[in-house]
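Presented sequentially are two complexes of chain A, the first with chain B as partner and the second with chain C.
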Partner chain A sequence: MTAGIGAALEPITRVRGVRGAMIVSAAEGIVVAESVMEGVDAQAVAALAAGLAARLRRATDAAGRGAPVFIHLEAEAGAIVAVPAERDLLVVAVTQADVNIGLVRLELRRAADRLA
Partner chain B sequence: MSSEDIRVLTSQLAADPSSLVFLPLGEALRRRGQLDAAQKVAIAGLTRYPDLADAHDLLARVLGDRGDLERAFDEWDIALRLDPGHAGSHKGIGFLYFVAGDLQQALGHLEAARAANPEEEGLDAAIARVREALAAGGPAGGGGPGADSYAAVVRSGLEDVTRMPVPASPPMPSLFEGLEGADDGLLLLDAKGLRLAGGLKDPVGAQVGDAVAAHLAGVFKDASRAVRLLGLGGWKSVAAESADANFYLAAPTPETLLLLSRDPGVPIGRLARLADRATETARAWLEGSE
Partner chain C sequence: MRVIEPWVAEPLHRFLSESSARLALLMTASGQVVAQHGFTRALDVMTASALGAAIVASTEELARQMGAGPFRALSHQGRAQGLFLSAFTVPRARWIVLVVYDSDSSLGLVQLFFDQLVRELQAAAPEGEAPRDVLAADFESDLNASLRSLFGR
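For the complex of A and B:
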């Protein structure tokens, strides 16, 4: 099951500039499947991405708006991008700064669709 | 008005949704403090009767009770455009001008209210006291010396807006004036989740800026920890897209967060450009206020 889920990550990691991708349990912030380069702490990214997603969801709820369907944390040297999927999962990617975010977003959504 | 009366009015409105019974029903709910229900009734009525001054007046009173004085002012302003002699709207706006410290404008509207409805008790006394305040130089603002007693007198003559709270502190600074969405969709908050400026409204028009600010406070810490852990340098922004709104967060200073919200038709790239302008404005304001 986990291997099958992990296969959904391959197209994401093929995008130039992606340092890693993972599927995360949104409620617990733990890694369900991952494919990351050396130096990327998947478990820590999972916990932080889940926390950020939960916080943004509470904020959009308070604003009377729907839950986020795409989250992009941009930093000076890279980014963390996340798309919620069914079964309370998050598909997360860690990227370099010069990545094509539009393409990463597309692949994250496709991966989320494959998990449905 | 009793609960039974409200049930009767609710039944009448359900039987005939086009009835003007929404006006007394909404007012009764407002007086009982059922503001969510009162606001829904008022907005539903306005949907059917967008050109009815009484409907805008009703919504303004509900918004006033909620403390959303800015939008209450807008609704009374619309009512007066539709019906320049609308007594209730003159009273409401007069009161808002009074708490804002603009006694001359307050007096003008109170006198207009009296002209429209000379028999209303209390207006004469309120007008007299505002005149006295003007003659004495008047309080510079709603919170100036003696303002409480003036407010009490004025409010005593304005039966319909007596439930409206007088702001304990000055209104939020119009920091983003001139920027698109200055009062709805631009929000500046501090690291503790307190709103510093701007505002955000939910789809029915209620001000939700404080609640959203409270939830966003931790974003700063989450984002900082994440980028530090991954060696990504400082974080620049957080964007979130939902089905019915796009959100963009940036940090004008290390201790503040700026939120922009727009409908999904505004792409994230454009939000980023708007955020740049708002961030510069906020930074200048924060530096100037230190």
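For the complex of A and C:
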């Protein structure tokens, strides 16, 4: 089960410019599976990304737009992107600035579908 | 937030702010309260500190009997709230933190900022003598004194 879940991350980490990917328990903010490069604190990213996703969910709910389907937080040196999956999971990727974000989004979506 | 040891205030305030925890209780391994946030009744603090210290003592003994290292933390996820309980060492003593969080936070966030809290408390702890051992006969009066300080009555 865990190996299967972890395998869902491989296509994401193969995208050039992705520094790590993880599957996170959205309610608990803890790592379920991860594949990250050195320098990426998976536990911290998982906790903070899950917290961010929960707050964004409230914002989109309040705006009457339903649940977020894609979260893209752009920073100076890269981005954090996340896609909610079934079973209260969140697929998260940490990228460099020069990544093909469309491709990352596609792979995150596919990974989320695999987890369904 | 109410504290008995003033140097605890800043790290604990930061932890509460970052983790969005609802309740927090910092106590010694024997259950004497060092700081609290979110409790409104002394009785609740007294109960939570006694139970928290007892749970840590029980799980540490269980770990010892199993030949395992001490458990790092204990967490319980309820439907609407979660509880996080962990013991750690500051230079002068062994302390316990009990945290209750709701949907504004998560176990991951509490764990993440708990690690930071421990580092900050270890750095902020004043040099000095180790606190005296608490005798059973003194425990109630010490606890009552702590509660009076925390609740101002």
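Here, the second predicted complex is superposed on the first by the 116 of 116 C-alpha atoms of A that agree within 3 Å, B and C clash if a C-alpha of one lies under 4 Å from a C-alpha of the other, contacts with A are read in each partner's own complex, and residues count from 1 in each chain.
One rule holds for everything that comes next: a contact is a pair of C-beta atoms (placed from the backbone, for glycine too) under 8 Å apart; a residue touches a chain by one contact, two chains touch by 3 or more.
The structure displayed is predicted, hence computed values, not measured ones.
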Three-chain arrangement built on chain A, chain B and chain C clash or fit: fit
Chain B versus chain C as contact partner of A:V69, first or second or both or neither: first
Touching partner for A:E28 - first (chain B), second (chain C), both, neither: second
Which of chain B and chain C A:G51 touches, first, second, both or neither: both
Centroid geometry (CA): angle chain B/chain A/chain C, rounded to a multiple of 10 degrees: 90
Winner by number of chain A residues touched, once chain B and chain C are compared: B
Partner chain in contact with A:Q43 - chain B first, chain C second, else both or neither: second
Shortest CA-CA distance in Å separating chain B from chain C in the superposed model: 9
Common interface positions of chain A, toward chain B and toward chain C: 44, 48, 51
Interface residues, chain C side, partner chain A - complex: 20, 77, 82, 103, 105-109, 111-112
Complex contact set, residues of chain A against chain C: 24-25, 27-31, 43-44, 46-48, 50-51, 54
Chain B to chain A touching residues, read off their complex: 200, 202-204, 206, 208, 211-212, 214-216, 218-219, 222-223, 225-227, 229-245, 247, 261, 268
In the complex with chain B, residue positions of chain A that touch it: 39-41, 44-45, 48-49, 51-52, 55-56, 58-60, 62-80, 94
